[in-house]
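In what comes next, chain A is part of two complexes: it sits with chain B in the first one and with chain C in the second one.
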Partner chain A sequence: MTAITEDHTRRAMAKRDQWARNRTILLLLLPGAGYLLFFFGLPLLRTVVGSFTSLDGAFTFDLWVELFNEPVYIDGLFFSLWLAIAPTVVALVISVLLAALLQATFPGRRIFGALYRIPLVVPGIVAAFLIMVMLDRGGMLSRIAEPLGIDLPRMVRDEWGIGAILASTWKNIPFMTLIIGGAMSAINRDVLHAARTLGAGRLTVLVRIQLPLALPGISAAVLLTFISSLGSYAIPNLLGPAYPLPLSVHMYEQGFRRGNWPIVYAMGTLLSVAAIFVLLAYYSLIGRLTGSHARRGSRS
Partner chain B sequence: MPGLSIRGLTKAFDQVRALDGVDLEVPDGQLVTLLGPSGCGKTTLLRSVAGITDPTEGGIWLGERRIDGMPPERRNFGMVFQSYALFPHMSVFKNLAFGLEMRRLPRSEIKQRVAQALHLVDMEAMAGRLPRQLSGGQQQRVALARAIVIEPDVLLFDEPLSNLDAKLRDSLRDQLRALQRRLGVTSIYVTHDQVEAMALADEIVIMFSGEIVERGDPVSLYRRPIFRFTAEFLGRTNVIEARLDGDRCRLPWGDERPVENSTIDDPAGVAIRPEDIAISTANGSDHHGEIVERMFLGAGTNYVVDAGGVRVRVNVAGTQNALIDIGTPVRLSPPKSLHLLRRGHHGSAEALA
Partner chain C sequence: MSDTRRQKREGRWLAVGLYGYLALVMFVPLVVIALWAFYDPAVGWYPPDIVPTSYSVEPWREVLADRGIIGSLVLSLIISTTVTFLTGALAFPTAWALAHFPFRIKRAVEVFVLAPMIVPGIVVAVSLGEIFFRLGLTQTVLGVILVQTVGTLPLMIRILTATLEGIPGELMLAARTLGASPRRALMRIALPMAWPGFLAGGLLSFISSFEDFEKTFMVGAPGVQPLSVRLWSYLGGEILIFPTAAVVTFILLAPTLIIFFIAERLMKENVLAAGMGKL
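Then we have the complex of A and B:
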């Protein structure tokens, strides 16, 4: 009888200890997790909820119906993705080569290493004006090309958004190069030398050793460039065509010009979900590329 | 297979000459170790041979073929690094297969040659592992296998054992030597460890300040070095200033011995290895000096004897001798004949001595 009561009290005490410990853990998590919940989770939730709320506060699917039925918005979504993916891919290719080049020592490397970073301190809107001055009809480039009899294609306010893509690319190259270069310089030099002595030329070393080992940095650079281009407003607004407009421009127009906030919430949610899908696709592609390497290795 | 010749090799950085006109022949199938303190140029020399560093002047030949200026991937040299330098994202198998893939060998041959090489270093069971899943010793064995699987014309070692603990270092050193003998690959081995150099080398090259001080087989270099720098870098030695009288020499405590090489220029003193002096306890005024330090090392005992102001190191091997206490008066018995040392090499070695 006493044994049972004792056992019972011991279990009760253990349970109380467990509670106390859980409470402590929650308290300790509060500054970090609480901050994230409050400043990130709540606004995000507000956005999602707002996309299901009409102007008079009632629950509704109307905004989503409108979004998916208006070609203006559907075209806008794809144009947004195009204006984010194209400069990311172009800047990635250039940045990888540039980062690899900067690993080597050559005369003038320090000056070059400083010069390529200049676009980092140029704001997006300034970059957009620079591109406009250069590439617009009657701009510097066409004035140089014209006497030579070369008729340059339309690159500003053109339907493919070439000017906007060039501006985003120009702006993001130093940023990506900085991150990828950092990841590459963390690679042990002897590993690269070993690959050379084993018969690999510079390009093979880049593809088979440097790229896989710098992959975390490359992924970070891709993610940051993609997201910042996806949300960029100044560049497509100045350099992009009149139709389609990317969702970022639509959001500004609808929100500030027309006060139609519910549709802005819906577009914001759509853009975020689309971004998540693109990044999931990126990571699954990378996983397939590197996973196949590892699998082939372990099978042998 | 042809041997390797290095002629007049110089590597100048802004102000410093890391290599200063080095000439070196590595005969076919031999293992030459480059030995010297850090900064002596031994690693620069090795990297120039590998093609990782471009020398400023001079040439490197493999037999009749001049190879300096050729990129490393075309030299067919295997290299083993101090940091192992395995590809961290590839399995052991892929690490070894890499060099063979570069040579575009068929898949079946790659598998077979990788298996053979892994067998040589006793790592067959680890083919599927990643480098980080291996111990340091295992990683270095994989690195060795990766260097030999391509059947290189020359093997280059850049302090491959320096990151390993003492016991592992000994056993891996012996394996490495056996493997190099068996394959008969011309090899250059860089180290700052004189024991490693003596155990491995057909010839030891002593370097200092970008130049070769002296070279020779381990036995003659240890027993009859020309320079004081060599004598002190290869093991420990007593360099004793002695009065020279024709071809005889008088030691500070009174003994007189013939000198083997009394005709050399600029003598720095006689060299007596601590293990070549015997000591015995003495009584009364018949002693040469007294014990001032004693260190028991198990396999032997090291003493320092103060002989009239000259400190003499004496090593007594064996475990059967009774230990002599500090303060005991002793007599010293130097070897039958003595060997004179020359002062430093171009004045530079003196700075260290």
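Then we have the complex of A and C:
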């Protein structure tokens, strides 16, 4: 009899403890997560809901129909993707090389390690300004090339967005190098030495060992660079052509200049979906990587 | 013996190559901007001149005579400081919960905290701009602080969580057992031990707030003009004003770079890589 009541009270106390714990956790989460819920979750929800709402508040697909039937926006979507993919690819190639080279020791390595990161904290506008003074007509490069008889192609406000791509690339290289370098330096040195001893060249070691083992870091860097370039506004606005405009610029123009908010919400939702799509691709890649490691591990 | 000598020689070539790269992509552009900041407007600097034929401090005098720039600098500093402290205060309890309590929805909260880094910033900036307009928060300093905090909070929570995970839970328990009140245990044990995280996250928050343009512009312009928005007005308008923009660039970069190098010295290697290498 007493045993049962004791058991009961213990269970009741455990329950009360559990409840108190949950309340504590909730209270602790409230400032940070609550803030994001209010100032990030709410606007995002509003964007998504707004993209399906007509002016009189009814559910509608009209905005999406409009978005996908307007060549200006279709071109804008492809240009946004282009301005996100191209810098990611270029920055990735350079960053992998830099990260691999930075694994070696050389005189002045510490100072280089600090200096190459400067673009990390340089605002996009300043990156755009650098490109302007260097590559625009009358910029430094054309002043050097002209006496040599070299006619440079247009690189600022050109139709391929070369200036914008170079600015995004410049800004993202240190970030990618930092993350990829971190992943590479976590690789066990003995593995690299073993491969070298067994006769693998440097390139083979890089391609067959360092890159696959650093893949989680590489894919994270690719993901974040892609997303930050996808939504960038200042760089394409300053360096990009008058047509096509990326969706980020359309969003500002349609929203704040014309007050055409519903279409802005549709574009915002589209950009977010593109970003989340890439995130899911990342998770499935990581899942497959760790999954195959686990399988291999259990087999041995 | 010859092996190490070969390594040394290779290291030297590597250094030459890497510093050459650095000079090409970093120093040359900065020097060109410096030339624009010190050119002589009376003489001008036209192609094909590689360097200006005459120098002056006229651009600086012009910019500094314009009271607005100093005001913008002060405003930038005030906003970034406030954002940094607000971010730290908001992030700490959440990071504490994420680090020390295993709970079922933990992964969901982690993903949600990460979400502002995934959703393109422009989406939230534009949408918040519209909501703040209805609330009368556009073109106010408060509105700018609120929107910038959305950008700084996720990284701060991640860095603090990583730091706090390194503090053994028994330590707090021991303090409590020895008679410390929860508040005292927090003040004397948890906060001091979380200090490296606060420092790293705080410096990164400050920089990211100081250099932010897009969120600030969507919510604050044209009423609130920190440095980045002011720089935009010299570059994004109908006429480009290179010399003024060059001077403002240096005023904007100087505090950022100083803080950045302080952060580099103080932070453990690769806080950012550790924080972002796995999402």
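In this text, the second predicted complex is superposed on the first by the 229 of 300 C-alpha atoms of A that agree within 3 Å, B and C clash if a C-alpha of one lies under 4 Å from a C-alpha of the other, contacts with A are read in each partner's own complex, and residues count from 1 in each chain.
Just so we're on the same page, a contact is a pair of C-beta atoms (placed from the backbone, for glycine too) under 8 Å apart; a residue touches a chain by one contact, two chains touch by 3 or more.
Predicted, not measured: the structure shown is a model, and the values here were computed from it.
Of the two partner chains placed by superposition, only chain C is touched by A:Tyr35; chain B is not.
In the superposed model, A:Leu198 makes contact with chain B only, not with chain C.
Judged by the number of chain A residues each one touches, C leads among chain B and chain C. After overlaying the two complexes on the shared chain, residue contacts for A:Gly149 are found with neither chain B nor chain C.
Once the two complexes are laid over each other on the shared chain, residue contacts for A:Asp190 go to chain B alone; chain C is not touched.
In the three-chain superposition model, chain A touches chain B and chain C at no common residue. Across the interface of their complex, chain B is touched by residues 188, 190-191, 193-201, 204, 208-209, 212-213, 290, 293-294, 296-298, 300 of chain A. In the complex of the two chains, the chain B residues touching chain A come out as 50-52, 71-73, 75-79, 81-83, 85-91, 93-94, 97-99, 102-103, 111, 114, 127-128, 143, 146-147, 150, 156.
Chain contact summary for the complex, chain C toward chain A: residues 10-12, 14-15, 17-19, 22, 25-26, 28-30, 32-33, 36, 46-50, 89-97, 101, 103, 109, 112-113, 115-124, 126-131, 146-147, 149-150, 153-154, 157, 207, 211-214, 217-218, 228, 231-232, 235-236, 240, 242, 245-246, 249, 252-253, 256-257, 260-261, 264, 270, 272-274, 276-279. Residues 21-22, 24-25, 27-33, 35-37, 39-44, 46-47, 98, 101-102, 104-109, 112, 114-126, 128-130, 132-134, 138, 140, 142-144, 146-147, 170, 175, 178-179, 181-183, 216-217, 220-221, 223-224, 227-228, 230-234, 237-238, 248, 251-252, 255-256, 261, 264-265, 268, 271-272, 275-276, 279, 282 of chain A touch chain C in their complex.
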